[in-house]
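You will see chain A twice below: alongside chain B first, and alongside chain C after that.
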Partner chain A sequence: MHIVDGALSNEVVIAGSVLAAGGIALGLRKLDIEKIPAAGMLSATFFVASLIHVPIGPSSVHLILNGLAGLMLGWAAFPALFVGLLLQAVFFGFGGLTVLGVNTLNIALPAVLVFYICRQGVAARSAITSAVWGGIGGTLSIVLTTLLVGASLALSGDEFIPAAKLVFVTHIPVMIIEGLLTGFAVYLARKVKPELFAELTVSAEATS
Partner chain B sequence: MGHIVTSGPQVLVNAQVSGGNRLLDKLDPRTRIITACVYAVLIVSFKSLVVLSCGLALSLAAMQVTNTPVKATLRRMLAMDGFILFTLALLPFTMPGTPIFSLFGYGFSIEGLMKAIDIALKANAIILMLMVLVGTLEPVTIGHALHRLRTPQVLVHLLMFTVRYISVLHQEYLRLRAAMKVRSFQLSNSLHTYKSVGYLVGMMLVRSLDRSERILAAMKCRGFTGTIPLLDTMQFTKRDKVFALMVLFFALLLIVMEWMIDTTY
Partner chain C sequence: MKPHILLTVIALVISCSTTPALAHKVIASVFASGSDIEGEIGFSNGEMAKKTLVEVFDEDGNKLGETRTDEEGFFVFTPKKAIPHVFSANLGSGHIAKVKLELADMPQVGSSNTDRSVSPIPELGSTAKVLPTQTIATNGSVNITMAELTEANAALLEETRNVMREMIHREVKPLRREIAAYKEKNNLQTILGGIGYIVGLFGFWFYFSTRRKLAKR
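Moving on, here comes the complex of A and B:
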């Protein structure tokens, strides 16, 4: 779902970059000394997770897990995912340089929205409820990301609208799988470290 | 992106230093980063396919001159092309214009084809130059250079942490996968696979957060107060000036070409 250089109109690129910069600035303000190592570690975890391929029909997809990133990081998902995208572009040639802002926005904004929508549910007392909300968050983040990618393309030119629709349709299986995986990941994290999400929700409320 | 583990740059995955690069290594890393950014903005703003082809040729020439590993770099570039190929192939059919021929009732327009070529040239030229100029730097050096370019300090710290622990966590991931493998786990299209991989991700999260607590404790014990002193000896030297002049020359050349082609139409 990376958009490459040259595909988008200047207006979309500039607007995306400005919004992404705002998100990153907000995220950085929420990162105090205590949280820098944890955020760096999570950023690395999501980078490694994006290397995992999961079979899907005859093909396979790599994980994005931006919903999970949002649940764990809140606004800090913006700088954390930006760092991941920057490293991917520079060292692996994925995405592009001028579209870095747009790509960050498309991945990180859904993460933050999922954080606000699902954090109460994930912090629920029962691990099953928590996992279901995690699953909702995992699916929702990919739905939102494909919509944003589609919007970035469609706003750049009408000729991209069929491609934007295609992106959405082809990602429906990804939405389901990301939902399942996020749900199971949240379930396990809750079982192994029950205080994990409760802690994050409390700290997020304290800083916001 | 599974190919990254095998063909990706080893600097991130194995934490090894990339091979030396005679021409570029003596330049100030900041010069390389700024050049890549200026080049990207310049290329995106061009419209003529001839100029864009020259841009791609320039990127390829830069790769040759600087001894960047050709095979690995091109393989990564082609991997990106594979991703966008589908979207680009749609363009001639969806863009309104003069149709050359039609397929299943959809006209294949010359304008759409031009647009697709335009995007492919831009994307490849920019990403190639980025990989040649910045991708051959050591990740930590990029952090230092960005710091000197006035990137917010916390963002630089975050970058350095990420760079450092990608290799560690990748090792951890491989260990967990090996543990699953000896219990005869195989990836397949089943709920069992999604459940197992979900648990794998959950476990990695828990372990990495535990690890981050240990790191924080260790850093505090050594007097960490929120800033890591970034010491470096970056200097904009005469060599950088020569390089900058060269970049300026090529930039002007492309701009003049674009302008001349623009006026002839």
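Moving on, here comes the complex of A and C:
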């Protein structure tokens, strides 16, 4: 999921950085004071989640949890995930500093899209419906991320279909796991602390 | 604040339930072995890069050649020039392994290598030239055996050297692996340090936003 330094062409790296910077700026403007602790928490969760490896056959995959961040933060997922990625690059050597923009875009943009697609579902009155939509969000964010990673590689010269297919296929287990995890997390949060999604409910009602 | 406590608990539970595993990261190492350069490419979770094309470049990016890894992610390249070599392999999905072998670590290349390995033979040969003349005087049959002996000696020496090299290689291999694994290890301090940075950064932003909000009032 983390593209490393040198894998992408300069154009893709620059375009990704510019778009990510835009996303971060927008995210910071939309980050209310009340949401800052949640953003920090999800940033830390994302930072740690990549260290959790799920062994699948001979290989293993790691969690990303960008769907959960997106559902709870909306645009603020951009700065939160950026910080997580920056520290992963510095501390663990995941990805790299030059490709940070592209990686942020690939991981945070799906989070924001999932926020807009699933917010009404998650804001549903029944906690079960909400959890199901949370699960859909968790899975969808990984699907979109793999497509974006495939696209970044394709724009740098790899052929899109095989590149995207490889990333997509290796992440099918992550999609399932993250779907379940996000679903349960949303369910738990709805049961224990419904006001965590209060803003989601408000914004969903405002649009509907 | 309670939802954040909840999230903290979730994060802690996930981080404690599994030991901090190795990251999914590309690792590559190269080292001189005899007159060849050997290398290993794989992922930090232990999976090796099988049958992957490894391209070899010099420092300026001119291609010097290519080789392919075997089933265990192992490759051998015979260098022709004594210059720093850069090995690069594309493992797909944005995983690129790039590793450089510095001049100091380069094996003895080409002619200089043959010079070195051959060097004992002329030395022995020169003594052999003296010896036969001496032995001819005493015994003719010894002359032949002496010449053969020096040749056999040289061959034996070369063979011993190869065996030694192989033995050392075999002994060092697990060590090298362990060092590579150790380099990739993420210990708890690193993780806690990272989380500390996150808390600090968001705390700073919190302070910043609050100040701005208070200033507006």
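General remarks:
The rule we apply is simple: the second predicted complex is superposed on the first by the 184 of 208 C-alpha atoms of A that agree within 3 Å, B and C clash if a C-alpha of one lies under 4 Å from a C-alpha of the other, contacts with A are read in each partner's own complex, and residues count from 1 in each chain.
Operating definition for what follows: a residue touches a chain if its C-beta (ideal position, glycine included) is under 8 Å from a C-beta of that chain, and two chains touch if they have at least 3 such contacts.
Bear in mind the structure is a predicted one, so any value in this text is a computation, not a measurement.
Aligning the two structures on chain A places chain B and chain C in a clash.
Once chain A of one complex is fitted onto chain A of the other, the partner contacts of A:87 extend to both chain B and chain C. In the superposition on chain A, contact is made by A:189 with both chain B and chain C. In the superposition on chain A, contact is made by A:47 with both chain B and chain C. In the superposition on chain A, contact is made by A:96 with chain B only, not with chain C.
Of the two partner chains placed by superposition, only chain B is touched by A:177; chain C is not.
Of the two partner chains, chain C is the only one touched by A:61; chain B is not. Using the contact criterion defined above for the overlaid structures, shared-chain residue A:151 touches neither chain B nor chain C, since it reaches no partner.
Contacts of A:161 after superposition: chain B is touched, whereas chain C is not reached. Counting residues of chain A touched by each partner, chain B versus chain C, the larger count belongs to B. Within the superposed arrangement, the part of chain B that overlaps chain C, taken from 21-29, 183-191, 201-209 or 237-245, is 201-209. On chain A, the patch touched by chain B and the patch touched by chain C overlap at residues 2, 4-7, 28, 31, 33, 36-45, 47-53, 60, 62, 83-84, 87, 91-94, 163, 166-167, 185, 188-189, 192-193, 196. Across the complex, chain A meets chain B through its residues 2, 4-7, 10, 13, 24-25, 28, 31-34, 36-45, 47-57, 60, 62-63, 65, 68, 72, 79-80, 82-84, 86-87, 89-98, 157, 159-163, 166-167, 177, 180-189, 192-193, 196. Chain contact summary for the complex, chain C toward chain A: residues 1-4, 6-8, 10-11, 14-15, 18, 20-26, 43, 45, 47, 90, 92-96, 98, 186, 190-191, 193-195, 197-199, 201-203, 205-206, 209-210, 213. Residues of chain A touching chain C in their complex: 1-8, 28, 31, 33, 36-45, 47-53, 58-62, 83-84, 87-88, 91-94, 149, 152-153, 163, 166-167, 170, 185, 188-189, 192-193, 195-196.
Of all the residues in chain B, the ones that touch chain A in their complex are 1-2, 4-5, 8-9, 11-12, 36-37, 40-41, 43-45, 73, 76-77, 79-80, 83-84, 86-87, 90-91, 93-96, 112, 115, 118-119, 121-123, 126-128, 130-131, 134-135, 139, 142, 152, 154-155, 157-166, 168-170, 173, 187-189, 191, 193-195, 197-206, 208-213, 215-216, 219, 224-226.
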